[in-house]
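Two complexes come next, and they have one chain in common, chain A, joined by chain B in the first and chain C in the second.
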Partner chain A sequence: MSAQALESDRATNAVGGVPEAGPFDAWLPASAPATGEPGWLTAARTAATERVRTQGVPTGKSEGWRYTGLRALLEQGFTPVDEPLDAMLREDLDDLLVPGLDAHRVVVVNGSFAPHLSDLDDLPKGLRIGGLRATLAEDPDALADDLARIAGDGAHVFASLNTAGMGDGVVLLADRGALVEKPVELLHLSVGMDEPKVAQPRHVIRLGDGARVTLIERWASLGDALYCNNAVLEIGLGRDAVLAHRRVQLESPSAFHLSGVYLRQGAGSRYDGINVGLGGRWARTDLVVRFAGEHAECDLSGLYLAGDKQLIDYHLDVQHGLPRCTSRENFKGIVHGKGKAVFDGLVYVAKDAQQTDAAMSNRNLLLSQGAEVDTKPRLEIYADDVKCSHGTTVGQIEPEMLFYLRSRGIPEGLARRMLCLGFAGEIINALGNEALAGYVSEAVGGRLQAAPL
Partner chain B sequence: MSATPQDLPGQPVAEQRSGASRKAAETEAEYGHLVKSEYEHGFVTEIESDTLPPGLDESVIATISRRKGEPQWMLDWRLAAYAKWLEMPTPQWAAVHYAPIDFQAISYFSAPKKKELKSLDEVDPVLLETYEKLGIPIEEQKALAGVAVDAVFDSVSVATTFREKLAEAGVIFCSISEAVQEYPELVQKYIGSVVPPTDNFYAGLNSAVFTDGTFVYVPKHTRCPMELSTYFRINEAKTGQFERTLIVADEGSYVSYLEGCTAPQRDENQLHAAVVELIAMDNAEIKYSTVQNWYPGDEEGRGGIYNFVTKRGDCRGANSKISWTQVETGSAITWKYPSCILRGDHSVGEFYSVAVTKGRQQADTGTKMIHLGKHTRSTIVSKGISAQHGIQSYRGLVRIAGKAEGARNHTQCDSLLIGDKCAANTFPYIEVKNPTAKMEHEATTSKISDDQLFYCRSRGLSEEDAVSMIVNGFCKEVFNELPMEFAVEAQKLLSISLEGAVG
Partner chain C sequence: MLSVKGLKATVDDKEILKGLDLEVGAGEVHAIMGPNGSGKSTLAHVLSGREGYTVTAGSVTFEGRDLLELDPEERACLGLFLAFQYPVELPGVNNTYFLKAALNAKRRYHGEEELDAVSFLRLMKEKLKVLHLDDSLLKRPVNVGFSGGEKKRNEIFQMALLEPKLAILDETDSGLDIDALRVVADGVNSLRSPERSMLVVTHYQRLLDYIEPDYVHVLARGRIIRSGGKELALELEQKGYGWILDEAAA
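After this line comes the complex of A and B, so read on.
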């Protein structure tokens, strides 16, 4: 969300002074926060509640929600998850795991950290992983610099809702110089309840100077239940820290998914994020990057597959407030059936942020009549010594390529799938982890198999 | 470069020089004088005018309509537009900043007193002198260039040439007030059919109060024998200009229309809210070229024209084509989006633009390509150059509707930044609902590289010539689309505006 977009959100919604009963009132916590919560957090919650009340619901006229309708989401009447689900057993996870993936596993069930399902026994020195609630109980001020600070006040209404209603989540702290070899897997597991529930996990990832971590974040569900996730991740990277972040969203076909990744990068740090969006009926992801030091690098790439009646929306907001930082965005999408994909990428280069190097690319394959792509790659540049570019394409499978494969005796359906997989391959191969790449590749292949191509 | 007033470097720079911008400050000290060329066409002609007092209400609109001797339907249309306009909010979305406009402080009618001239000899000599200063060769063009000029001085046409020759071909080329009188059925049929009065705030205002403009009708299977051209000039202080242009190209016809503007130096901001409507029927082609060089305000942004224009073309027929080419160097604020509605199958829309912002100029410009018909094609090439404190945004929409089988779009928008206080934004909106569509968009932002400069200088070119050459090369794709006479003028304008301003 750019500052500009937020202004417009507010302008259209903050009407009058007295807030009426808002559609998000049910999402807000009914009772006062647990005792023992640090004062700064209570203050942040109160401010966020206030913002939710004044901002109201974004409409089609709000710049950030122009193509992403909220009606379906609001119609469900979600209420917050009230109590943690303890009934899950380790065996229940078996079907959801990535075959062959060797990782430290941390599991979140319906928004709450589930220690009994997690696998955190042999964490290397310098790496600490725990629940948000437990961490705050142990040391109330441990996260004072990060929690609700990285996302800041400028975030959109769902991030404010998360702040106001945050219950639990995961805290990952890597000490200065910690080199974590095995990836850390953060698995979000959603289980449908009798009533439509919204889970609002809040995660804090902090890497000390020079630390290196690979984080695999996955979203999965048991069955095709209806539920909503509204997650916020706040990531702080110290000087020269390196985080490889893999996000695989495979929510249930009826689910609503909202997630915001808020990133603060120290000098010389490197963030390498890959987003794979396949699941959910309606999914919106915000990736917000701010640089806190020079020579930082940020690499955001993504692959999304929007099938029939599915909406997948990625909003990127990269702000170059300091000189000599680099950012790359590379998102590819495949849309079929009556699917709809939205891409909005903003690169903002502030005055004096000289020698910024930013490139953005968004390429889309439209496979059927009725599919829709709305893309909005934006550049706002207030410095002159910069290298900025963006490119966007929307098209269908090249008939020449199809003809080539068919002339080799490959049936049309298979040929189209092969070409789609080839198109997606660039991102899948970049995942870097063989087990994960295989898993994603299979999921994409399965989806294409099911699609009437 | 001939017009650069000072050759002394080191104009005092008021801003504090922070460490980070020291380089730019040095650059400014070195080359700043080169971009500070004063507005060439800044002078005021004193001529008696018949001006209405400032203010706007129904009676003002009735007066305008009566003075122009309009039929009742025109007045009704204006009043309906006015009623709608009153309900419309002022648009806020563009990335431009200006003080709110007091629409009651504007005089909505101003016409040179002398009328009904039979030849140019009867035109006020002061006026003719003004045109000469501007380099509009009315006399010359009669004999040489074959360009018919419908010169607009403030709001009423005072000189029209080559009417007869055009009439022979059956082409109607006259001021819109005349057209309302002489061809009411054509005007009534087409006016507002592309840009309805309810389209946007400024189009609504224009519909209510437009005083003059141009009407062109090219009949079936006719190729307009010459390039049509209108020079606009804003003259009367505190006068908003509300031009309305309507061009209809009937089946199988072709017309090329040139629009060029200059305005004298003023301290009050002047509002210009024009509406241009183009209609192309089956197999027709309209080429619309603009060179806009209105007064941009002084170095602090005082004065200068507010240029809020609605331009839209409707490719109504199959195989029709509408091409917009614009070179925008003037105006304090430019806010225009020449658009194409590609309704007919196989119709083609084009948009070529060079926009320059310097000083405190702001420009929010771009285009909309709405693909509705099958196999429609559009091309967008936008080149933005921003220097000093200029702010420039490309804002464009490409919409490919579900039924637009095989639609094709290519968009390219490049920005060149000169100095570290200017800005260049790109806001493309791309909406595709058809899988057979092919759509590409690319954008780059950069400065003139030291390597390029060094190369040219090592070949013995002066700094100014090198920059001029590089900038001209940057814009060449667009200049190539301009008719010959305009291309020369545009290049000269660009050189005067920017030569030597290296960042």
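After this line comes the complex of A and C, so read on.
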């Protein structure tokens, strides 16, 4: 279907009230794409819109959504953020910053790049950071190989929705050989509006051959606002490029969070990603990895904490389509109260992907009777010369450990927290940045303290 | 200090302690010996409040208080300390942080101010020296990857730091080489005082050469079946338990 045809469909839809209105119609942009948008992007958008219409809503029977229901999300009646929020001041950020973190900061408010809140003055040579809209306006074809290409067509409906409704986002381009010492912080700030709004930021991160960057991606909000984020990050790593990617999701307790990280790794590149999921009422993250060259390494690890009225879902999809790549997946979860967590890790090794080295682990600590975790590691191996393993555990706090601490005079509540933090420590310490590790550790400790253990 | 009267305890409906009596006065060192499986560790666990044991009869008072109605942490704060036969590994829990949490929990319980980082470190350094412990162990997670001997020394190190009134040492000597045994015994001896009592569970007379007990008890089949002075340990070393068991049965 052409863009023309789609537009006329939409018109009928609005005027004539065609009965089969899709559940996500409200998420689709009401207006025609911004003028001056490159043709390839309009085409991708059109195709995505079409997919949204044909795919419909995933149900409990849909692959990837068995344990994660969409009813609550649909009930909110989210509509797209319509105007950028310019009223935020720099001072408003003070309480949301990571104490002691020295970083180049780029801020996104309700899905739109907010230059006046960002700190991008002293970017080193070879590193460019800007808004998606601005980047496309300046050079319409700058992102033609990456935007909507890395995430591709096969992804689930929320990625399609993001493409269809793509507003703004951030573009980070590191030139070939650029070594960026200071981390780059990408802060998503969500501010509640009168009506429940969904923001759909789209980011493109591209590292040229041999470039090295640390990206700290954070999600925060003012107060306990109700909103939804449906973000897509497309990351392309050139030959031998190294990206350390830290993701800390601390959305408001009422928020809905969807994010998809789509990764394309060149030969010899290394991606080291750590996901921390603490916030939101309902949070779903997809990490999708494709190798475009041999000897690439991908490390995905994570820590999630789900408590009362909270669902945290991580879906990993790592495809070894080429030989001699390495992937590691190591996720740990703590679930308390009536919290629920979902971990689904797929590692697919194609027939020709010989000498693949893959190891997956998912360990969970359930702190209460009502806590629930659904863990599903999936190894699909079609090559015969590979080294692959997986392991999952779901357990409680060991009574011996608890007694040992209590026998030293440590009160039970603190003893439990110490053991949980010990369990989480492996991931927190791996964050590698002292300020960030301290911040996360504090957030985890605070959550555990507030939780009835 | 500690008075145990007619103590009976079961695990999984199996009676392990079958009417045990024991009186420990202030400053006294009591050795408890006895065959494997006789209930020595069970006694230590019941005294320190471990879950999973049901006391079906008898009483335990510690400095005039009913010990059995207190949580393990409260017993510890009141001055009870158990050096575990099998110290527990705590992955991810830093040893220094653990020790500080323990010490400050006790201080809080007694309405004292928490120790600041500097005073705490000074105190640790001091105690480390006594036990010839390498301070790299303090940076590691509690007991994780420690050798058997290091674990036992870490127990005595904790005891030195927490300064209990009654210390129960459950086979602290097993798994120690000869030098480590001497170091641990020296550590224990340096803590002996007229206010501090000890219950030393051991299989070997050797330890008692270093830590001289005031009394030696034989625990068998859930009861103290013989008590005596330190010469009883020597006699057991030579003759084994058979004769006492026979006499007790007679």
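Rule of thumb we're sticking to: the second predicted complex is superposed on the first by the 434 of 453 C-alpha atoms of A that agree within 3 Å, B and C clash if a C-alpha of one lies under 4 Å from a C-alpha of the other, contacts with A are read in each partner's own complex, and residues count from 1 in each chain.
One rule holds in what follows: contacts are C-beta pairs under 8 Å (C-beta built on N, C-alpha and C of every residue); 3 or more make two chains touch, one makes a residue touch a chain.
What you see is a predicted model, and the numbers here were worked out from it, not measured in a lab.
Upon superposition of the two complexes on chain A, no clash is found between chain B and chain C, which fit side by side. When the two structures are aligned on the shared chain, A:A435 is found in touch with neither chain B nor chain C. Shared-chain residue A:D374: touches chain B; no touch with chain C.
Counted by residues of chain A touched, the larger count belongs to B, out of chain B and chain C.
When the two complexes are overlaid on their common chain A, residue A:T392 makes contact with chain B while staying clear of chain C. When the two complexes are overlaid on their common chain A, residue A:L96 makes contact with neither chain B nor chain C. Residue contacts after overlaying the shared chain place A:L120 against neither chain B nor chain C. Shared-chain residue A:A47: touches no atom of chain B or chain C. Note on the superposed arrangement: chain B and chain C approach each other to a least C-alpha distance of 14 Å.
Within the complex formed with chain A, the residues of chain B that make contact are 18, 20-21, 24, 92-93, 95, 400, 402, 415, 417-447, 503. Interface residues of chain A, counted against chain B in their complex, comprise 4, 8, 11, 67, 323, 351-352, 354, 364, 366-396.
Residue ranges of chain C in contact with chain A, taken from their complex: 48-52, 71-73, 75-77, 81-82, 84, 87-88, 90-93, 97-98, 101-102, 105-106, 109, 141, 158, 162. Residues 399-401, 403-412, 414-415, 418-419, 421-426 of chain A are the ones that touch chain C when the two sit in their complex.
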